[in-house]
């Protein structure tokens, strides 16, 4: 199948429904960068570019993608629709919405019917960052170098928590 | 495009994500029947049968469908995804869900981003019935016979409201 | 019936409960303008000007209105009450409210009882814009020129979604 | 103005959007009966019988009604619309709805915009009962007999609360 | 009973749980002023000054108070507790809270158990203003001068709604 | 001060707004019984018996009460009002309500303003049981026998959790 | 480290906070069984057996566990705490709770702070089933036999969706 | 057991999941300071420093801690997990979160299962302040000096509530 997407692809694809999601979703790529996990980043809208979405999701496995991180807000259909089009693990990030503050995004992503899973993270930046970390932990199952980097990163995280409430 | 769907089609297509939505969605077909509007009824799952959904939505206009009524529950993506694949008016019916009582269904359907509208009705049976009535009112704009039947039906509805609280 | 409203009217009437709704509702008129759909815009309050509302809604069909877009916030009764007074399709836009962020507006508009439908869009600007687009898709069912413009607009929308997350 | 409603009317009118609201709303009439306050009870639907609603509300004051109690569920517009059509005090009772358990009813009634008040009571039977009591306390301001009965009723209520958790 | 509160009192008492509620609650007094209804305004905290609250509520009727307007935020107990201590009509105004935006205030005020009613208005300024108007409509039942002023005010309100969305 | 309540009292007082709260609140007394903590149980309604509530709360400390457990539902004012009338620690149990399932009870109890604390437990039976346990842990600070019994009870609880999902 | 848990372990561990979660969580094991994925099932309570939880989570990676599925209800801390104690991917299933219908379970699991991810599924049975499927899709990244079985299972799922709403 | 925490400790330990919680939690320490209650303040993250948390909670009672105040936001597990690791009374403060405004924090803390109680205060600063006051009231049960200071503080609080709404 001809595709507009890179083949071969890096193991993690980070997609989002709109450029306005990027300030949130870049926390996913920062986490991946910190752990040395290669990734590709794209704007793909379930609603405005459905063909692009089908092309992306249907070709992802063959292109070498291992884990897909999808962020969207409001009636956020991107993570679930991508999950319906590929057997790869899909992680969903609910982006905070204007009126309802991401409650709509969260429910639209997490409440998937039985049969098509989306592993959903928290609303907003923390969720995006954690999507990156969870993707890394999945890849680390068969990459001992990454597993070691993750172990070190986690230890560093624990050590960096200050004991006192102020400097 | 070859399609599994009837060509030509009746003017209203009533689709739903699962057979378990039928007890709700039949209130849409009952309203259409009462007004003499022909319709076709199908199970199409955005998540479990995405190809069927694309085939349905992409071919609908050419097959003569005028209005699409789509019901789904939970992370309800069917109405919005169909709306992303056709320029026809799409009406969404949030089906009551087990845990969150349809709040998830409602937000997943109504909170569509700018550019791809879904006209959303109430959660559950009342919403399904109203989707049928709204489809009829849309078709009545260019069908004076239907317009007359709708006027009569509305008058009958008003007359049937009892004045007293008990017989 | 004597009426204060224009006769004949353009096919779409955009009404709102208060001038403070205009920054939201103008996204509906912008969408209509982009598709070349004539429209009339009015402030009509269900609560503060009930007579004006009854006059508007009862006369709308005879004046040539085809679709009514009604926006309101809080205990938003305008869309549902107009729908009770006319058989024309009514589209409702929940305007974001101060305290409850439009959840009240949304539920007040969408949860109509069986018998009187309001096709409800998202809370706020996205919903207003989509109300304009949905009205256009309804009118396009019997206006091939508009149907062609809508097709072109939708294609342009898809093409305008950037692939990359930054310039 | 010719009206289908009794003239003169008893001082309290209890109206509701549907016969299905009666099991809830009869708790209002029971409270009024217990305090010896005459009342009239009617089904009036804002959405299905808007003309009946306008006739009722516009004529109420002249017919001698003093306080209106209005119960409705879902997108509950009856209390607010009646309040927009009369200067009499209007008390609203949110009836528990199927899917959203009355949260929609409550917000649709209580979140009225500045200018048109509805004194709103609790969702369901307790709210209906309290609407009757509040109507009585309003009438008692200019009816010393009723004021005395209300005082006695309140004292009786306090005395009837058992001290122990079981008999 | 000796009391710190004015005896005789004006017919409407406007009380609030904290000085920080005043920017909201002054909308109640403005509405009363506009209709020429005398009122007394006090800070009374159910939680921090319970004795003051009991003194106020127990003495209110004898001091000539007719209607009590009580505003409070968060776990807002003032309206309901005052209603438990007097047979006068009590109107509650939920003040918008910091974290939960007044949803807590609203539910704490409106969800009173059967037996002790609080007529609840909308969250925030609109609710405060409407509490003033509802108090006036209650007093107008036995004050024809006030009834006339209220009629005029309502007519003026309707007339002041502009027809056009912009000047 | 003369009081209707026992003097001296056992160290824990379990009060509730209505007999209908007893099936929930008896889980508090069962936990106290299991730990050998004496307690007194009463129905006291903030709204229907405000004088009884004031008498109870004002006299509690002098009568030897150490901790008060108060359960109530809906607009649940009992815990907060008791806390405003005594310096003793007050623990609040939100009883599940009919329409809103205890969300109203929870917010009415937990969202107390700064200055008057209520230590709030979970909605329903688990919360009642935990109120008993928390009261015991408070008393155990100065009662080593009770502290030992609590330690044993906690160990027994851990041991009783089965490892397997079925027998 | 000595541990009470099997060493070596099957690749998926399904744990839950209480035996009462088993009717929900068995949908996870059924999905794993359908795909031929070995698993171990345990009751581990974050709150009642914290030591067991620490033992389980700290030893899991060394025992050969690859993916952990954790289900819990109410203030559901098990998934997040296990995720804090291991670098393995953790999937969380919010079990429907009595009063708040799983909204508390969902928010307690999904809203993890940046640094410690939990991939969260839907509330209840659908979420449990999807946790099993997502675990399988993760393991399939390095198990081509499982990948083939998953592909076949997904195809079978699509084929099994009926076209018609009734037999 | 060797511990990094002070031994002996002051009677109240105030802990929080992150330094970003300090602006909220310092309201707890201010209340303790005002009443002359010694306290120790620490950052302890349930998720990022689980070992530190176990060390803290397991050693607290032996180190002389009497009451623990724990603040956290989002999926706030710190209060509940500490409560699972000690028999001391634990008070939880839900810190306001970015997207969901503390509703997630509140439910994660308060909805503890039967067996492990957390006395939960309001979301945000008021809750932190009240946690300090409630801790003081608990310690005052066996410290008459503190009891007297608390009595004086409460009286001062009542006196400081102004009567008038403005200076």
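Quick notes on this structure:
Each chain gets a letter, A, B, C, D, E, F, G and H, in the order it is written, and its residues are counted from 1.
We adopt the following convention: a residue touches a chain if its C-beta (ideal position, glycine included) is under 8 Å from a C-beta of that chain, and two chains touch if they have at least 3 such contacts.
What you see is a predicted model; the values in this text were computed from it and never measured.
Contact count check for C-D and E-H (C-beta pairs in contact): higher for C-D. Note: centroid distance chain D to chain F, computed from Cα atoms, is 36 Å. Chain A and chain E have Cα centroids lying 50 Å from one another.
For the pair chain A and chain B, the distance between mean C-alpha positions equals 33 Å. Multi-chain contact residues of chain F, defined as those touching 2 or more other chains: 18, 45, 48, 74-75, 100-101, 103, 110-113, 115-116, 122-123, 126, 157.
The list of touching chain pairs reads A-B, A-C, A-G, A-H, B-C, B-D, B-G, C-D, C-E, D-E, D-F, E-F, E-H, F-G, F-H, G-H.
Those residues of chain H that touch chain G in the complex are listed here as 17-18, 45-48, 50, 54, 73-75, 77, 80-81, 83-85, 97, 100, 103-104, 107-113, 115-116.
Against chain B, in their complex, chain D makes its touches with residues 4, 16, 18-19, 22, 25-26, 41-43, 45, 48-49, 51-52, 74-75, 98-101. For chain F in complex with chain H, the touching residues are 27, 66-67, 87-89, 91, 106, 110-123, 125-126, 129-131, 133-134, 137-142, 147, 150-151, 154, 157. Listed in rising order, the residues of chain C touching chain A in the complex are 96, 101-103, 122-124, 126, 157-158, 161-166.
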